[in-house]
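Read through the structures below before going on.
What follows is a pair of complexes built around chain A, which joins chain B in one and chain C in the other.
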Partner chain A sequence: MLGVGLLGFVMLNGGYLVTVLGLAAIYGVFCTGLNLFMGYTGQASFGQSAFAAVGGYGTAILCAGHGWDPVAGLVVSMAIAGLLALVVGYPVMRLRGHYLAMATFALGLIVYELSVEWSGLTQGYMGYAGIPPLGFAGHELGTERAQLGALVAIMLFGVWLAERMKSSRFGRALRAIAGSEPAAMALGIPVSRYKLAAFVVAAVYASAAGSLFAHFIGFISPEVFGVPMVVLSFTMLYLGGIGTIWGPVMGAVIASLLPELFRGLKEMQDIAYSVVLILMLIFVPGGLAGLLRRLARKPT
Partner chain B sequence: MTGAQWPTEGPNKDQVKEMYMSLKTTLLATAIALAATAQAARAEDSFKIGSALGLTGYAATGDRNWRDGLQLAADALNAKGGILGRKVEIIVEDNRSQPQDAVVAYRKMLSSDQVNAFDSGCVSAGNMAAASFVARAQVPMLLCSILPQKPEEQAWAFSFLPPPTFEIDARYGYLRDRTQIRKVGLLIDPTPYSQLMKGFATRLAPQYGLEIVAEETYKPDDSDVNVQLGRMNAAGAGAVVKLGQGGSTVTVAKNIRQLGLDKMVLMASTDDGGIFKSASEVLGDRFYFIGSAVQFGDAGPSEKAANADKSNGAAKAAIDAFLTPWVAKYGDRDTGQASRAYDSVMLLAKAATAANSVAGPAIKDAIERVGAYNGAGAVYDFSDKQHVGITKNPYFVGQFVNGRPTVSK
Partner chain C sequence: MSAALLSVERVSKRFGGLVANDAISLDVAEGSLTAVIGPNGAGKTTFFNIISGALPPTAGRIQLAGQDITGLSLQQVAQRGLVRTFQLVQLFGNMTVRENVEVGLHMVTRGTLGAALLRPRWMAAQERWVRDEADTLLGFVGLGAFAQTQADQLPYGRQRLLEVARALAAKPRLLLLDEPAAGLDTQESAALADIIQQVNARGTTVLLIEHDMSLVMRIATHVAVLDFGRKIAEGSPAEMRAHPDVLAAYLGGVEEAHA
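And then the complex of A and B:
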């Protein structure tokens, strides 16, 4: 209800909060995918920004460079990201713990370097401009509010899909892996294969987020998909509640709105934002979703 | 792990009610505060200049100087009654040197603050990301950075950055005329401005009788460039022409010294004076930099002004007008970017006054008609076909002598 109220308020009032919520919806998609891999499967990935870059640049090249329809660009970029995740993930998913984290972090750095250096394809630090807004079959969503509506709808679809996956056989296998890999293996779950599948699904979500970002902003450059993206998405995930359906979305919205709440503090803005984040992580360790779950629990 | 941190019993009814009310109150307060932020500063009687700056992140050094130059100009204008009788208000938003944050900052200044013009810092990607919707809103953008890529975006943007070729001309001219060095190595970072310079550096070298014997790349945050310098030395480079800004200049100076390359000189890009001073302390008279007249000499405004073209009284007056309050407020701090920021606001004021309007399209047209404008940092000459304002090379090659930046003779 609160989310609907906030969306309605922003839609009615317009202004730059439309941009803020639009970016929150994009990060909501990104974090929902990351949550499948980190929250449900219990694995660490510091390299999802690589797949967002694939989506962003795929969309930019196909739509701005070759005049493709945004939806076609989005789908093809997702397929490329999924394929890349499959190829890279096959050897990498045999790693565990810190080694897996380091390998995925390296993947993020490699793709970042490629986006900087392969300027013939990505235009390097000059960035890719002129990316058209979201649209379908030649009809562009001309206003920011229309784009926000579409982004929220896509995000909700992504959450619905994640919810379906969570309650499926696939989701139960992922949660078993998160609990104990040896135990999951003993139950006959092909651990590496399921980890790889979760990695691919998360990559597809990340790619979609990258594409949506490119359409929403109309410009991308390597900085967009750098380490700050990883840090921000982790913040959102833990703030909202890792391993929950709505946590990533709540985290994305709150982490996007908090800086705006403190914007009036000027140079103290980042400090205030960080203090609030730390306090929330200390006093709401299960994230906002965890807090709401506690509130909803029947009193004894 | 998390299980141990959770209470084994749920909260009682009163606690739940209290927590719910607290959450509700917090969310209500948040909504009110956000609404207040979105509606903030709608005063009609001021001339608002919005500035998206990298006050944190890689662009912080330069963009903080840009901010202070803007404010200095606003103070000077306000002391004389503002622009068209309106108080000049500089609205600064930190883009954290990131395009995404720049977009939010630009949108906020457009919709909530309803700025009359933008005058933003050197984060090219941030300015480029915002350029399309700023152009659609028909608000002029005065920029420390290079221009955006699309012609329809360039129509609303005005660059106060000297064209990259001027940096190359100044350094190559010095090597040709004042040294025996004919073999040069280029050390290039991947930023848009450096990439533009690289093209000129390669093309212009033969015209100055120079040979590029090595082209090496580095990242602004590299902790050393020993390998690149070693390759340049092996190729016979007598000078390293660095194409890129930031603390990496000091790193290069240190590496040249550590490798014992006693005959190699370093020629740095335009940058902050503090960086030049640090690099000079490492390499001494083998370190050269480029800067505009306003950056040289520290005996006082008049001496700095005297470095400018002496035949141009207007330039000298402009430097004095900027330096006197700058030195009074900030002392020895570098003036390179701040002077151009100051000039940009002054030129904007001149255009708005000429147009007798604060509307974006009128100001844009007026900027294109101002003609040659003598500023503290350079001479600017915008027109409808020329949106890079600096058309005359403002750079001198300098060195630190007795701890002071001095034009190298």
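And then the complex of A and C:
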């Protein structure tokens, strides 16, 4: 309800909040995917930005460089990211805990370096400009509002798919791995294979988010897909409620809007933002989704 | 006695200089309720971990229904029909009681990512079956009223029961219970003994490790006794109760513990 109201308000008023919400929707896609791997399967990845970079650069190169249709660019980039996750994940998923975190972090750094150094492909530090807006079969979505509508629709589709994955035999196996790996193994669940599947799915979501970002902003550079992206996505996950279906989206929206709320505070903006984040992590440990669930459960 | 479902031949395990299991052999007859007992540090848990695939043996051979399972992983052993529980309860605390049992049904159901996304018609039917089956098993262990409770909110004794229900869901040919009564009070322990006996009566072969002698003596059909990594005796509960070596190992162990 609140989400629909917010979206309606922004759609009517327009302005820079359209951009803010559009980015929130993109992050919503990214975090929904990451949530499957981190929230439901309970594994850490500090390198999802690498797959967003694959999506972003894939779209830039295919659509801006070779004049591909955005949908084709999106889908092909997702396939490449999924394949990369499969190849990288196969050995890496044997690692656990901190080692897994380190290995995925390294993946993020490697892809970052590649996007800087391989300038023949990525145009290096200067970034890739002139990426067309979203559209299908030759029809571009001309206005920012139309694009926001499309982004929100794609995000909701992503959440819907995530919910399907979660509430199934597949999803139960992932959550079992988060609960106890030995017990999952003892019940015959091929743990490494399921972890790898979750990693690949998360990578495909991340790639889609990267592609959408490229279309929405029209420009990407290596900095877009750096460590700050990972940190921001973690903030969103924990703020919204990791391991819940709507948490990642709620976190993405709140973490995107909070800085705007404090814009009037000028130089105090960052401090106010940080204080609110810390307070929320302390007093709303299950994230917003967890809070809402508790409120809903409480009689009256 | 019928043929051996599980046949362990001279299994040894060394951890550096320590010999935790020294050439232990054990046959578990199809349909039996076999118990492995022994004082603390006798090597029971190591033995269990080796059989279930959690640890590779240093030497020896393990066969399940005539198939060699030596050196297979926990999950491969499970896929061949040997399902275990853990001494330290390993529930999926993040899931409800019912979901825990539903995970137990993993091996007897099908469909992964593709089925989750596309939801073919058979999957809806399977999901209904999974739910009913889980509720039946919960009813069997007396946890029907807790289906919606988050597993880590259950009292400890009930967590033990849930672990048994979850293992049963996997339809094991051989159910390994690792000190299932550890930490239970007398009443809970008796209720659990009842359930284990019923499971066995319904045709599941059970191998249990237990510290609690009274439980073992009441329900086991066959008992093997370990001490210092060796099997020192084997036979019926009554025979074991009177066996001098067993008495020495057990009573000696108890006396030392009190000293």
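Observations, loosely collected:
Throughout what follows, the second predicted complex is superposed on the first by the 298 of 300 C-alpha atoms of A that agree within 3 Å, B and C clash if a C-alpha of one lies under 4 Å from a C-alpha of the other, contacts with A are read in each partner's own complex, and residues count from 1 in each chain.
The rule is short, and it goes like this: a contact is a pair of C-beta atoms (placed from the backbone, for glycine too) under 8 Å apart; a residue touches a chain by one contact, two chains touch by 3 or more.
All of these numbers come straight from a predicted model, not from anything done at the bench.
On the superposed chain A, the two partners chain B and chain C both fit, without a clash. When both complexes are overlaid on chain A, the residue A:191 reaches chain C alone and has no touch with chain B. One of chain B and chain C touches more residues of chain A, and that partner is B. The vertex angle at chain A, taken between the C-alpha centres of chain B and chain C once both structures are aligned on chain A, is 140 degrees to the nearest 10. By the document's definition of touching, of the two partners only chain B reaches A:294; chain C does not. In the superposition on chain A, A:53 contacts neither chain B nor chain C. Contacts of A:151 after superposition: neither chain B nor chain C is touched. By the document's definition of touching, of the two partners only chain B reaches A:270; chain C does not. Once the two complexes are overlaid on the shared chain, A:9 sits against chain B while remaining clear of chain C.
Measuring only between alpha carbons, the smallest separation of chain B from chain C in this overlay is 7 Å.
Overlap of the chain B and chain C interfaces on chain A: none, as no residue is touched by both. Within the complex formed with chain C, the residues of chain A that make contact are 161, 164-165, 168-173, 175-176, 178-180, 182-191, 197, 201, 243.
Within the complex formed with chain B, the residues of chain A that make contact are 2, 5-6, 9, 13-20, 23, 116-117, 119, 124-127, 129-130, 213, 217-221, 223-224, 228, 257, 260-261, 263-264, 266-267, 269-270, 285-286, 291, 294-295, 297-300. Chain C makes touch with chain A in their complex at residues 52, 54, 73-75, 78-79, 83-86, 90-95, 99, 102-104, 106-107, 109-113, 115-117, 119, 123, 126-127, 130, 151, 166-167, 169-170. Of all residues in chain B, those touching chain A in their complex are 2, 5-6, 9-13, 15-16, 19-20, 23, 27, 30-31, 33-35, 37-38, 40, 55-56, 92-94, 97-100, 103-104, 107-108, 110-112, 124-125, 128-129, 131-133, 148-150, 153, 190-192, 195.
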